[in-house]
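Just passing along the structure, written as structure tokens.
As written, the chains take the letters A, B, C and D, and residue 1 is the first residue of each chain.
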Amino acid sequence: MLDVEAALAEAEAAIGVIPRTAARSIRACARVETLDEALIESEAHREGNVAIPMIRQLTARVSASDAKAARYVHWGATSQDIIDTAFVLQLRAAVPRVIADLGRAADAAAVHAERHVKTTMVGRTWLQQATPVSFGLKAAGWCDSLDRAADHLESALADACVLQFGGATGTLAALGDRGPEVAAGLGQALDLSVPPIPWHSHRERFAILACALGVATGAAGKIGRDLGLLAQTEIGEAHEPDTSAGGSSTMPHKQNPVRATVAIAAATRAPGLVSTMLSTMLQEHERGLGGWQAEWDTFPALVSTAGQAADAIAGALEALVVDPDRMRANVNLTGGLILAESIAMRLAPEMGKREAHAAIKRAARRAVGGESFADVLASDPAVSAILDRSAIAQALSPDDYLGSTEAFVAAVLSQRSQRKK
Amino acid sequence: MLDVEAALAEAEAAIGVIPRTAARSIRACARVETLDEALIESEAHREGNVAIPMIRQLTARVSASDAKAARYVHWGATSQDIIDTAFVLQLRAAVPRVIADLGRAADAAAVHAERHVKTTMVGRTWLQQATPVSFGLKAAGWCDSLDRAADHLESALADACVLQFGGATGTLAALGDRGPEVAAGLGQALDLSVPPIPWHSHRERFAILACALGVATGAAGKIGRDLGLLAQTEIGEAHEPDTSAGGSSTMPHKQNPVRATVAIAAATRAPGLVSTMLSTMLQEHERGLGGWQAEWDTFPALVSTAGQAADAIAGALEALVVDPDRMRANVNLTGGLILAESIAMRLAPEMGKREAHAAIKRAARRAVGGESFADVLASDPAVSAILDRSAIAQALSPDDYLGSTEAFVAAVLSQRSQRKK
Amino acid sequence: MLDVEAALAEAEAAIGVIPRTAARSIRACARVETLDEALIESEAHREGNVAIPMIRQLTARVSASDAKAARYVHWGATSQDIIDTAFVLQLRAAVPRVIADLGRAADAAAVHAERHVKTTMVGRTWLQQATPVSFGLKAAGWCDSLDRAADHLESALADACVLQFGGATGTLAALGDRGPEVAAGLGQALDLSVPPIPWHSHRERFAILACALGVATGAAGKIGRDLGLLAQTEIGEAHEPDTSAGGSSTMPHKQNPVRATVAIAAATRAPGLVSTMLSTMLQEHERGLGGWQAEWDTFPALVSTAGQAADAIAGALEALVVDPDRMRANVNLTGGLILAESIAMRLAPEMGKREAHAAIKRAARRAVGGESFADVLASDPAVSAILDRSAIAQALSPDDYLGSTEAFVAAVLSQRSQRKK
Amino acid sequence: MLDVEAALAEAEAAIGVIPRTAARSIRACARVETLDEALIESEAHREGNVAIPMIRQLTARVSASDAKAARYVHWGATSQDIIDTAFVLQLRAAVPRVIADLGRAADAAAVHAERHVKTTMVGRTWLQQATPVSFGLKAAGWCDSLDRAADHLESALADACVLQFGGATGTLAALGDRGPEVAAGLGQALDLSVPPIPWHSHRERFAILACALGVATGAAGKIGRDLGLLAQTEIGEAHEPDTSAGGSSTMPHKQNPVRATVAIAAATRAPGLVSTMLSTMLQEHERGLGGWQAEWDTFPALVSTAGQAADAIAGALEALVVDPDRMRANVNLTGGLILAESIAMRLAPEMGKREAHAAIKRAARRAVGGESFADVLASDPAVSAILDRSAIAQALSPDDYLGSTEAFVAAVLSQRSQRKK
């Protein structure tokens, strides 16, 4: 806020709206060390916003050194100009760190995607083992999603980096006809684009940015959930490394997926915070009665939530310990049942899909009972009429049933390298 | 869903994955009239999704006319491919209507902005009368916000119009190495772009689109709230026209702002629906356990909610009855008090801002007590030393205190005409 | 709504406010078959609520048979009286079914709790295997939670079952001084309690009920998530029975946890719907401008969502197939590591907690490498100084490390039997 | 948390589970001054919860003075026992202040209700002037709603004040068979009731309390919105007093409704926070993976939000400046049109409701054009055949059209005095 007030004074001084000496005095006093933050907080509570007591203190500081300059503090602006523009400056400082962490996470995912493009693991739908995938495919999905969320966030941030400057009711009347000139100078000084019209009670830029933070948090949360599930003791295909962190206070053997949990917790919180940001949009006339004020706690909490998620997932993916042996063991857990579709696709053109489905379901039930799935299939005349033992064996090879896995991983990595150019 | 199944069969037939005759039979049967929708609904409840019973019925229809073709229904796809792609097709049909209604609303706002650029009315902050604005400025703010929301929604829709096609776990393994070719053909047939990788459990495109619908609804809701407030009996500056609609069941004299209310109600509902869409993002592994399924009721409700808001605000703005006389009367209501800032800006450079503020506050209190604000000011020696009666009169002229109003309106209208090119 | 209108006429006729013959005619015509629902829906959209066109049609029906009686349709009431009271009647019809299903679910959980009080399984925290529990303990936790949610919902429903009757602005002025008498009669006729004051724009009863539905859905969702996790192929400790439902369209071997998923999906949707109900509470003056209207789609969706969750979990728990062998196998999976705490509690008083923790962590690492945990422990002199082999063996017996499990299960079941009395 | 650890040690010592001297040492060290809070915070981030580093520091402090006692710190408990129980203690400290402020607000509303039972003002529906009410009636509605919200919150708090104590997975196995005894002693020491079963991953008590906070905030927010609307410059019927607070940084004449705004802002934030608390309920198995952790920031924010709303509305209602003259002026604003219903109720039994409605609508339109409503009505033969001038005059007297207003106010005040007994 002090930066905005100082830049405002300088922009006004540059075109003669206020004296140059005043601007110099204001700039000199606009240092956060001189403010009594506790007092500002308590007065803000009573007066309705944080700018009023801040300006009072700034004015007093300026007045102490240059009484005349004090008259020009906050010249022509309204509290909301200062608060909103300062908010934008803070977002511009904070959100790129979220974007960078999403990028770190996507980079780490891309490394896994490339390295494990052929590391076969079981695909899981409805939390049931389904057909095989590779860990590289899973990581490529994460990577693609993180990149998309990061790009969207970057674009939303750029759109939200605009100056707020409209004076009491958005006309800049206090500046006569010099409003646009001051706005242009102020925008330039702060490196913010100047919007066609003040947006005191039109918050779609903030709402879009808030949503983009929510989406990014959700993308990170999905990965967190996957990681938590992969790290289950009974699955154990990937886990955060065993460090002093994540230990249990009572169970010495445990290694908790702390980072994944941070991301899930963040993704549990973000939707409610985003919904609040959307609810704040109905701001009355030229300044909101509650909607604007509700942003103040909510938006920073959302940025911080997204930041936690992005950082946690970046850390988790960078440090992830992948266990191809457990992946292989889990692929083999059902003795080939997860390749049922592979059999079905070969039987169906000959015997019909429904009949194939039924034959396999019969075989699957016997296999669950202990017999080998391949044997059961081979012993079914309806099946053996179409597939001999070697064809069955080939159909039941998980590494041969990865379809377009490599093509999809390559497409993600290639798109990403083009995007980076 | 039938369109997707038929296009799938044709795309597969075109490259020899299934017989051409099968594709013809499937296309011929893929007509919604042949389905038992009630049965699908009841079975979907039990089986977990709507595609399974639909495919069963389609297969039976195909089988009845061409038993061999029935083997190739849904060839190589998974339920989610069909459901998600059909969802995308429905979004592509529905969301442009929302965008069009936002455009209608923005057009209507632009007309008000241009027509009423000089129609002075009071600006209101915290629901208190503040400094003057023009109705054109208010309408330009609406217009700019609606355009931004519409543009954002259009871009989010375009990004979400992608094919879903990955088979059981996103590898298209059932198609061997023909997956990408089939996907390309299917995408072309449905006019959907083909993503680098299936997105069964990566929902950021949907989430971004849902958010954009939420933002659009919020933008409309803000206007609805403004309109509801302007239409208050005691303010009466603009209102929906007096038609048979909006009457009260018990109070014959009333004219309720029905359309504004529809928009506010929609904007009250949208944040919760958006938050649900964000909550659904944490979908497990290769198919979600609850998150995916939660989209099914939520996303359509959100599209419909946004549609109601956009249509209602378009209708409200198109039909809006503006009352410049009431605007003028309300500007004059406080006898010039709303121009206090105008006086302050002239006093401050001479006497200091704090002193100016204090002098005006004193005068304002006496004026509220019944004396004319101009007279009270003129009778204050501290004031009259700086401003004579005519300077006071000029400072208290609302039409002369509109600052950059015209420039802002012009900027909005010019940006908009450029955007349309 | 027709029931309310008919009861209103009768209550008024009973004390002479309107003619008895009018009430008879109104009652006779208040049949839903006579209404044109499509017309009501389309007019409601335009007129702002559903009661206005409904009353118009009812009046026309009454008029056709008894012109004089038509004058007394809806006598002294406002649209909101009819809509809100009808809403209450619908809630009174629908919510008990949710409560009943929660009860069914709790009953089924109680059966599991009792039957499996000694069925040892692994407890899981952060999705990592922790110390043992019994499946009965887990089921008792579900049972207790469902009972609490059901009781709370029942109490919230009872509090919400109040008459809405206030006329245009909540004064019942149209009835002169007969308002309270008519209200009393109407409340009696509909078996609704009469509140001290109309609640047109005070919605805390509805909000509390909505919240209780949200909490119940969350309680069901937690169980759904547990069931989905237990049913994972790699864990397989409990699953929905293998029926035709839950099959995959492409993978013949799969059995999806459909009911658990319905509950999770519902619990993903409910928070957003509840947040909307809370957002609707800020209803302006004597009738809301958007808040009231936003309830209309949201509240029924929430009741339906809660109903789906309760029914799904009841069905899932009633049909649940429990697999004590898989539970035992998973308990044994880590070769005793999950009993580390048991060892630690015996070592700590002798050697200090930190040292015990460290000793066990060392042993755990070697055990993960393949050696038996018991052997490793026994070979550590620091450990063997305190625990001999048999003490180690006893400490590593999962069935002997269930602590107060039986007491907790008994407490839940006993509280429940007392509650039922 | 320190209180819980100390009480735990003492409860265990009391029945001989740990040495009495250990308990004394632990109690002596359990002082917040001895902790390094910054270190706890940074380690908590890495280790997944705040209890682990806190316990480490406590153990070190105890160890420094009594090495043996250090072995018994946190004996038999898990982190979540400490965190949850400490959370409950904090809720028990904080929420009663919210309840008290709701009570203050209700008391203030009751005073207005009693004092202004006959202060006629206009009722407003859809923000349009409707039939008259009294300010006492409006205040009685606020009072009733606040009392209900406070009662509900009190009951939810009482239900949530339960001990959490279950050890690693809710079996208290580390305490052998002494678990229930220790729990009983700990509950007694902390004055918390002991639940039938630990609730580590069953959060319905917290969810219900969170909802009750949300409902209370909504009730306060509704009043805030009413106050904001009443304080509008054009309405001016009630406003916060003119103090130094609520001034504008640029407009010396303004008096912003700061307290009402705080309540509206809080009620804008609460729904999202409540939805998060509901979303957290799906906690996995015996400890949640993200859901539990998401409570930590959300629940305190919600308590604080509710507290802000309750305090603001209490302050606003206590200090409210009511302006019966403006109320009267606004009642008269339409020249009797707001009494249209009063006329209609007298015409309808004679001429039919539809005809009466039409006659009044005709008259209303002419009256809006400038003629007196009474004159226009008297000049309509259809009306004058039923009502003479004096009957029209009586029907148009707002003070005579308050119906059951006094009865409703009396009912609220009487119910409240009974509740307090």
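Quick note on the criterion: a contact is a pair of C-beta atoms (placed from the backbone, for glycine too) under 8 Å apart; a residue touches a chain by one contact, two chains touch by 3 or more.
The shown structure was predicted, so the numbers you read here are calculated from the model rather than taken from an experiment.
Enquirer: More than half overlap in residue numbers between the two sides of the chain B-chain C interface, or less? Answer same or different.
Expert: Interface between chain B and chain C is built from largely the same residues.
Enquirer: Calculate how many whole Å lie between the centre of chain A and the centre of chain B, each centre taken as the average of the chain's C-alpha atoms.
Expert: Using C-alpha averages as centres, the distance is 23 Å.
Enquirer: Once you find the CA centre of chain A and the CA centre of chain D, what distance in Å lies between them?
Expert: Inter-chain centre distance comes to 32 Å.
Enquirer: Touching two or more other chains, which residues of chain B qualify?
Expert: 48, 124-127, 130-131, 167-168, 174, 221, 224-225, 228-229, 248, 250-251, 256-257, 261, 264, 267-268, 271-272, 274-276, 279, 289, 341
Enquirer: If every chain is a node and each touching pair gets an edge, what shape is that graph: line, ring, star, complete or other?
Expert: Shape of the chain contacts: complete, all pairs touching.
Enquirer: Over in the complex, which chain C residues touch chain A? Could you list them?
Expert: 122, 124-131, 228-229, 231-235, 248, 250-257, 261, 271-272, 275, 279, 330, 333-334, 337-338, 340-341, 344, 356-358, 360-361, 364
Enquirer: Please name which positions on chain C make contact with chain D in the complex.
Expert: It is residues 48, 59, 67, 70-74, 76, 123-127, 130-133, 137-138, 140-142, 144-145, 148-149, 152, 167-177, 179-180, 195-205, 207-208, 211-212, 214-215, 217-219, 221-222, 224-226, 229, 264, 267-268, 270-272, 274-276, 278-279, 281-287, 289, 341-342, 345, 348-349, 352-354, 401-405, 407-409, 411-412, 414-415 of chain C that touch chain D.
Enquirer: So in the complex, which bits of chain C are touching chain B?
Expert: Touch list, chain C to chain B: 45-48, 51-52, 55, 74, 77-79, 167-168, 174, 221, 224-225, 228, 244-251, 256-258, 260-269, 271-276, 279-280, 289-291, 293-294, 296-298, 301.
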